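Each of the next two complexes has subunit A plus one more chain, namely subunit B in the first and subunit C in the second.
On to the complex of A and B.
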């Protein structure tokens, strides 16, 4: 555990020193304040609108950050050559993968927490309110989704460079977010092979929509049932474990060489 | 006898677009504990590849390698190793001291013991003053020294150095030589590759010359080199005797020099 924590901690220090997260947070914070200040269709004063826009931005921001950070870590170790002294220590490939996941995910979860607090601050300042339990549930499931995205980014980055791993992770997770929830509609119009293929796709790609409690938070539908909540959380943990396993299988025998055979 | 390094029939084949490249061809090697072992060979001979197998970066195509009796594929084999790569690449956003703390944690060292050991290695590599500065601000020599310090943090029994003096000025080279001599005095095993043959001659108990992935000769430098001959001359003679490409290249160079 110490080794996993150390690998994760290095990511934290790098993010803090290189100030990437600050820039993104300030940028998105400014954008959020600007958006909620605009009086679109006269909705500027409606607290629900602020919650809706704020949470949507938190999801977009978390998604971008999760893909970027997770898919960058392993290729970066290789390009800057730090993988050599790191693997020369008694660190297993699994510990390295797990450490990278813990580091990437915890940074993104922390940044998302800051964003949630910012949204809460704006809503409270406008006289609105949140159900704290629903909000905590929403945040935890949001973090579970970010954990899955981070694991996907790491899995792809074991065998690809940063750009390729990030692109394919964006496509996969973006499809999962936007297209997968609509597949049942498409299936209703298909028969035979088409319906079968859609069903296969529907079951293959992670269902991020189950982690999304935005509507519940925005419209005050109340807390989710605890049974359902833990089931979704277990689904998230299962997906994370699965993608970490895939990452480890792809990485455990990977050869590292400088290219010259000296 | 338990060797510090034991390599048996080690073969490594890399697949590339131009076909398979045999980097190591049935390599056999034993290094006794406490030896300073010089691993010499021309570029592309397979020195770094052999080291990378020992460190677990590359799984061999066939054969086996052990460190103090442990199979190199097990992470426990690296518990007693210190490694300095040819290129001193490290986390430049950390300070020197932070790098050593992180490295110590990877060896499960902590608390007072780790703090004491950090001060000790900083003294050993003479980097006490710059330790709290970001590594990004270090010179090439300081970078090499902090990387050496992280290689020594766990007080390793086997230190693997891949061309440790490459790119260093004479003072830097002397510093590295001093560290290696110090390690020898403390009974540590040092396995290092170098193109600086005069350096190898000076500090090695034993040398092996590698050509095309095989050891072509090994022994004490004083036993191998004939009277009045330098190690450099012996090295070139030996490599050319086993490597047609090197021979023709050397022939071309000799001809050009004669023509000039």
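On to the complex of A and C.
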């Protein structure tokens, strides 16, 4: 565990130095301030749209950050040649992968927490309110989704360079967000091979829509059932474990040669 | 491996992309703002005929703004999207239901609890949550009368702000002169507020604008005129102007002979029976 924590800590140090999180935070803040400055027919106290757009941006920025951070860690080590001293230490390949995942996921989760606090602050300043328990539920499930995305990024980066791993991660997770939830509607118009292919995709690709509690938070539906909440959390943990396992299997026998890197 | 497209490693490398995003956002904001600014000032409205025949052209921006010329039909699609968002907000985040091949999968059951799909409507002050989307829809397509009317309706009724509803209709009037529906809605709001003189002026304006309607024989236009005449007749009755009230009601009967209750009302007016009570009973329905 200490070695995993150490690998994760190095990622934290690196991210503090880089400007990704700060840029996204500034963009989010600017957008939210622009939204609250609109004069909506002279009405006051309207905050639903601020919550909605703010949380949507938190999801988009979290997604971008998770893919970027997770998919560059391993290729970066290989490109710089630091993979050799790292593996020369008593760090197993699994600990390296787990440490990279813990580091990238924790930093993205922390950045997302800051996004949520910013949104909450602006909504409260505008006279709105959040249901605290619903918001916490939403944040935890959001972190679970980010964990899955980070694991996907790590898995692809074990065998691809940063650009390719990021591109494929974007495509896979983007499809999972946008297309997979609508497959039951597409299948209503398809038959035969087309319907079979859609069903195959529906069951193969992760379902991120079950982690998205924005509608509950924005439209004040209250908390989700705790049974459903823990079931979705368990699904997230299962997916993370699966992708970390795939990453380990892809990485454990990988050979490195100084001449091939860079 | 080199690739033609590299994902930037950090914000420093991403500067060109971030710069492009900022420029595109700025451009879009300026375009939306310019949507309500005419390219040329009063000259565009010199001719009444050009005005009254230009509804469709105005909607696609021929007499519109720089934004209309640049964005064209995309602006209308965007306005439609914002209007859909307002509708979705009215239904507490639930979109229109599409036919699905199956409903009983495990993920769908989980989703039903995470994102409810109950058919509920906003009520009371909650309705103001739809206003930002209507505001955006209006400012993206200022020539879509229906959006103005919907916004004014909800502001006057559920939000309890008839003053803001009148402001919205005034803005609609600036962007869409000589539209009778705007005047009709204004008149109804004034009538409900018991501002009879303002209501009278609005209904008279509606009647005058109605005659310039593009399609006066359509069912909607005929219904619109009948509504204006009915409210105008109510105001005549309230002012004890019996002859004018009978004239208005008779005009409605010419268009809709089946409305026999109006025949009865005309007879009662001619015989001066129950003068006080009928118009008040209609009034209470507003």
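Here is the rule we use: the second predicted complex is superposed on the first by the 248 of 262 C-alpha atoms of A that agree within 3 Å, B and C clash if a C-alpha of one lies under 4 Å from a C-alpha of the other, contacts with A are read in each partner's own complex, and residues count from 1 in each chain.
As a convention for this text, a contact is a pair of C-beta atoms (placed from the backbone, for glycine too) under 8 Å apart; a residue touches a chain by one contact, two chains touch by 3 or more.
These numbers were taken from a predicted model, which means no experiment stands behind them.
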Which of subunit B and subunit C A:218 touches, first, second, both or neither: second
Which superposed partner A:195 touches (first subunit B, second subunit C, both, neither): second
Which of subunit B and subunit C A:87 touches, first, second, both or neither: first
Touched partner set for A:68, first subunit B, second subunit C, both or neither: second
Between subunit B and subunit C, more extensive residue contact with subunit A: C
Partner chain in contact with A:187 - subunit B first, subunit C second, else both or neither: second
Which of subunit B and subunit C A:13 touches, first, second, both or neither: first
Contacts of A:257 with subunit B and subunit C, given as first, second, both or neither: first
First (subunit B), second (subunit C), both or neither touched by A:209: second
Touching both subunit B and subunit C, residues of subunit A: 18
Residues of subunit C that touch subunit A when the two form their complex: 1, 3, 5-7, 9-12, 14, 18, 29, 89, 92-93, 98-103, 105, 107-108, 110-111, 113-116, 128-129, 131-133, 135, 151, 155, 159, 161, 164, 167-168
Touching residues on subunit A, where the partner in the complex is subunit C: 18-20, 22-23, 27, 34, 38, 40-43, 45-46, 48-49, 68, 72, 141, 161-164, 166-167, 181, 184-185, 187-188, 190, 195, 202, 207, 209-213, 215-216, 218-219, 221, 224-225, 228, 231-232, 235
Contacting residues of subunit A [partner subunit B, same complex]: 2-3, 5-6, 9-10, 13-14, 17-18, 80-82, 84-92, 253, 255-258, 260-262
Complex interface listing, subunit B residues touching subunit A: 14, 21, 23, 43-49, 52, 55-59, 75-79, 81, 83, 85-87, 89-91, 93-94, 98, 102-103, 105-108, 110, 147, 150-151, 160
